[in-house]
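This report refers to the structure that appears directly beneath it.
Residue numbering begins at 1 within each chain, and the chains themselves are lettered A, B, C and D in the order written.
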Amino acid sequence: MALAATKFASTPEAFSPALIARIAERARDTRAVAIAGIFHAGSGHPGGSLSCADILATLYAAELNIDAANPMDAARDRFILSKGHAAPALYGIWAAMGLMKQSEAVRLRKLGSRAQGHPHVLDMPLAETSTGSLGQGFSVAIGMALGLRLQKNAARVYALLGDGEIQEGEVWEGAMCAAHHRLSNLCTIIDYNKLQSDDRNANIMGLEPLADKWRAFGWHVQEIDGHDITALLAALKTAADCGDQPSVIIAHTIKGKGVSYMEDVPQWHGSVKLTRAQADDAFAALGLPATTLDAMLEGAMEVRHG
Amino acid sequence: MALAATKFASTPEAFSPALIARIAERARDTRAVAIAGIFHAGSGHPGGSLSCADILATLYAAELNIDAANPMDAARDRFILSKGHAAPALYGIWAAMGLMKQSEAVRLRKLGSRAQGHPHVLDMPLAETSTGSLGQGFSVAIGMALGLRLQKNAARVYALLGDGEIQEGEVWEGAMCAAHHRLSNLCTIIDYNKLQSDDRNANIMGLEPLADKWRAFGWHVQEIDGHDITALLAALKTAADCGDQPSVIIAHTIKGKGVSYMEDVPQWHGSVKLTRAQADDAFAALGLPATTLDAMLEGAMEVRHG
Amino acid sequence: MANAAPQLIGTSGDSLREAFGKALAAAAQEKTNVVVLDADIAGGTGVHHFRKAHPDRFFQFGIAEQNMMAAAGGMAATGLVPVVTTFAVFCLRAVEQARLSIAYTKRNVKIVASHPGLDVGPDGGSAQSLEDMAAFRAIPGMTVISPADPTEMALATRAVLDFKGPVYMRTGRSPSENVYGPDHRFEIGKGHVLRDGSDVTLIACGVEVARARDAAILLEAEGISARVVNMATIKPIDVALVARCARETGAIVTAEDHNIYGGLGSAVAEALAQTHPCPVEFVGVNDVFGESGEPQELAEHFRLTAPFIAAAARRAMARKRA
Amino acid sequence: MANAAPQLIGTSGDSLREAFGKALAAAAQEKTNVVVLDADIAGGTGVHHFRKAHPDRFFQFGIAEQNMMAAAGGMAATGLVPVVTTFAVFCLRAVEQARLSIAYTKRNVKIVASHPGLDVGPDGGSAQSLEDMAAFRAIPGMTVISPADPTEMALATRAVLDFKGPVYMRTGRSPSENVYGPDHRFEIGKGHVLRDGSDVTLIACGVEVARARDAAILLEAEGISARVVNMATIKPIDVALVARCARETGAIVTAEDHNIYGGLGSAVAEALAQTHPCPVEFVGVNDVFGESGEPQELAEHFRLTAPFIAAAARRAMARKRA
């Protein structure tokens, strides 16, 4: 195997404070790039980008078998952001991991940018597929898991879904299908932030009892705090080793997590236009100075004019 | 209320031997018309028509508030055959109940016939909607249940689904929706004959644990023998009075029921061409002489030439 | 400051979706059988106005467009007039539901789709529907409408509610200029000559109408007299008007924020082929997907703006002389 | 006797779906990265042949077309060549999945749809897809093919597997006459002149090719020389051939087992409008739904048979003289 990266989660070093600190730092950087991008774009979905930053950081920094020197190696694990509107966070973690230039990640939603409003695989191959229409990324992940297994490729497939997203029937078609085909190489994570576009899930279309639904559809189910990096690491490790079932991790999260005034406020789902003051406050909440935002924006301007 | 029919199931007379015998007779006639129609057409789906005959007979003979003298009364209960390929059985029960001419019911799948290959509401208003594409009838039933409730119409809505049909994601979208909206005026019956088009459910796409799935989606669940008329009567009565949840009756059935050589044989799903000998044997299995088949076919010919 | 409410993009201002949402809420005052179906996107489609005015007639289906579409057929069967709303691109995952449970059953359902075409802007190619008019135009008995501006949108909203039968109507996301004054009239199935001309006819729908008008102004400066037709009803197309334009001007340009295949351009080409064949140039997205960018930027990039329409007019005119 | 196996309708015999199924199974011998996706309908689509020959590469998705369609995109991403199969009408509930997870991502997926048009027969209007060519033609970058007979179907099956990119291909349910001998050649994007003629050109696809040929024979008896073109590739349409036919014969009839809106007729009308405008008459289903009946009966009832094509040819010719 040509890949250098190791699955930290499967080694004793996995849960070291150093690893957790590294992941937390990546998560913070992910959030910062996401906010900078949304501010720079004048549109985009902050709430759902922030809620999944810890999940993305844990995946990329510790779980996915992706080598920055050769990211498209055939043996790489696949990650699909099925809730494609959280693209700013995906670009954020890529930037944090050196898989995308930070300046490109911040130059979000601009004509000609590789950081399209929703992930587009032809612009960023590591997106694995193009998303933005809820439900489809999950099905694509299932197809990949089937295709990899047929070709005896040991890579694993991960898909991150929104809670609102799982109202799509396509997701339950896929859930039934993955269980039927015993896709143990598939791990689904649900960013269970309790909010969707217009309101709380409970008001739009209630999802509970959510774990029961997945269990009844034949999945191995774990429920964790999606902002607890240790819990994420442990759950991903368990998921990778749970027999012949596909595995779902229901990650309880807070929409807007990390930017206090956005937390659990439906209106910050997006697509919103941030004011400079709001962006500054967001950076402050993340523990970053406004100058960091300035630097990021400057980088993005250079891409545009470079 | 202008309707003459009563809901037998809700009266003490409900479970009288006379009622059960009447329903059983209707079910047999339903099967006979379905077989005659499929033979006459030279195509059609016998297996799934036969498996649901007892369900249809119980519904129409004892549960649905439909007055043959004024079948389209606004206060009527609605029944939708979501598994539309069982149309021959629907026409069969209508013929048995005097809601459609038997000759028209047998003149199945012919150009200009009201007995279209799949139920079409513009030809037979009592179909309530047009089906044939699995999953859709269920959603239409949900829309009707919402619409009736909004307009304070106390009519109930019934939908019959195939087991293979519930692999459609649309069904789970609908299941979530009906529970969210507390559609207690909706009753779904699943013709759980364990077979679908090509093979057993278990081989195509496993459905178990099926009751758990519906419970996890917020439904009141009953499991019964779908050929036991007493059990059907009781379950429908319970469903009509189960609080603020929609109700599903998982009716365990045998595909091809009543025609021994078709029972539980996947190949008789259809669309098949019956030989005369096969049709005769089917009638014999139903306890009917070949002359009954001749009479039915003659009637259908008259419609054509009349 | 920071914890003030977020600015939602375009939910205020004169977008077609806002015009639709307001007109719908107003019309529903007296039309008490109108109900609205939403798939968790009311803020984007304009029906938040209806929800506020008529909460009891607003039905939430969650992010589940197939069930919503077919359920609309069921609601219509009970005598209601359902207005099903989502983004145009998500209508494409319920085409068969619209076909069977609405059109085949002749249900009086209005499918109103926001966010069509490049006008969607920064969300990018995944969200920019370039196929919806083609897909819905092919469904037997489905009327297809794409109004030009907020004024016409309000009129069309009323007209489709008055009309009996299934309709697919496009609104639009971006703030949109009014090409019409308050005395405009809208009739389903009739094109409207926005500006007369004799050398070439520019037939447009939706956001392209204003651009076609601008193209006519550009052409006028060169001494070319371009007629501008707003063909807000794509199906049934106004065959008589199309034929008359061909007869009178001899060359036609169509302009739409849609793939060049299957939409307005096709409908016009079909009408001409059956009546008065003449050269046509098609302005639209050239069988590629869109991308992120501001709507106006994208319109330029994908060659949908007035100068491109004017250039197409010159090409069409050159062909008529050939 | 009675408990003999049932006769399945049309799974044997020379239907396009059977020809497809057999050719696919054969081609997959050497093309080891071809996989088939089925939605519980393999007996109807012809892929039971593939399942038998290559069980390990046959994937069952159950009655769940959306997931199947998008999953095909995922399988393609791993280097496989997925062939997604279902009835044409059920492809309409996965248009957006084909759009995003196959076309937008440029995946090498072949969508092969059986049971198109009135050719479906007794199942009736709900199952008779009249919209699929329009819907899939509008998806950017999607190639659309509808071969004429079993011989061409086998060639086309190989050709689409050799071709890199998303394809939507129609097969057919009913036994279908061979209009071609064994030396026929098929090339994606090229129409084929089946019969030459100078007064009018009949451009057809799918089951209508044989009927167009019969119409030409009818016309010949009246002294009318009709050219017959099999336009098996609807997209990209063979613009050069369409233009040449217009130039050389001056009048065109299109014939397809599809709605007259959005399919072959539209593609031809668009090509003509851009090159050599001329009178066209459209033979197809006239924006209504089908119904139960035998395919030939339905073709007569809905005016798709040779006499109607011949009548359309006379109308088109009359218009060229006008």
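In the analysis below, contacts are C-beta pairs under 8 Å (C-beta built on N, C-alpha and C of every residue); 3 or more make two chains touch, one makes a residue touch a chain.
Since we're looking at a predicted model, the values are computed, not measured.
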Listing by label each chain that touches chain A and chain D gives B, C
Outermost chain relative to chain D, judged by CA means, is A
So, in whole Å, the Cα centroid of chain A is separated from that of chain C by 35
Averaging C-alpha coordinates per chain, one finds the centres of chain B and chain C separated by a number of Å equal to 41
Chain A to chain B, mean C-alpha position gap in Å, rounds to 45
Multi-chain contacts in chain A, i.e. residues touching at least two other chains, fall at 120, 130-133, 135, 167-170, 173, 176-177, 180, 205
Multi-chain touching residues of chain D, meaning two or more other chains, are 61-62, 64, 66-67, 89-90, 93, 96-97, 100, 104, 125-126
Contact graph of the chains (line, ring, star, complete, other): complete
Within the complex, chain B is touched by chain D residues 1-9, 38, 40-44, 60-64, 66-67, 89-90, 93, 121-127, 291-294, 297-298, 301
Within their complex, chain A touches chain B through residues 167-173, 176-177, 179-180, 205-207, 209, 212-213, 215-218
Seen from chain D, its contact residues with chain C in the complex are 66, 89-90, 92-97, 99-100, 103-104, 125-126, 130-131, 133-135, 137-141, 235, 252, 258-263, 265-270, 272-274, 277-282, 285, 287-289
Chain B residues touching chain D in their complex are 41-44, 84, 108-113, 116-118, 120, 130-135, 164-165, 167-170, 196-198, 203-205, 261, 267-268, 270-275, 277-278, 280-282
Counting only contacts in the complex, chain D reaches chain A at residues 35, 56-57, 59, 61-62, 64, 66-80, 82, 96-97, 100-101, 104-106
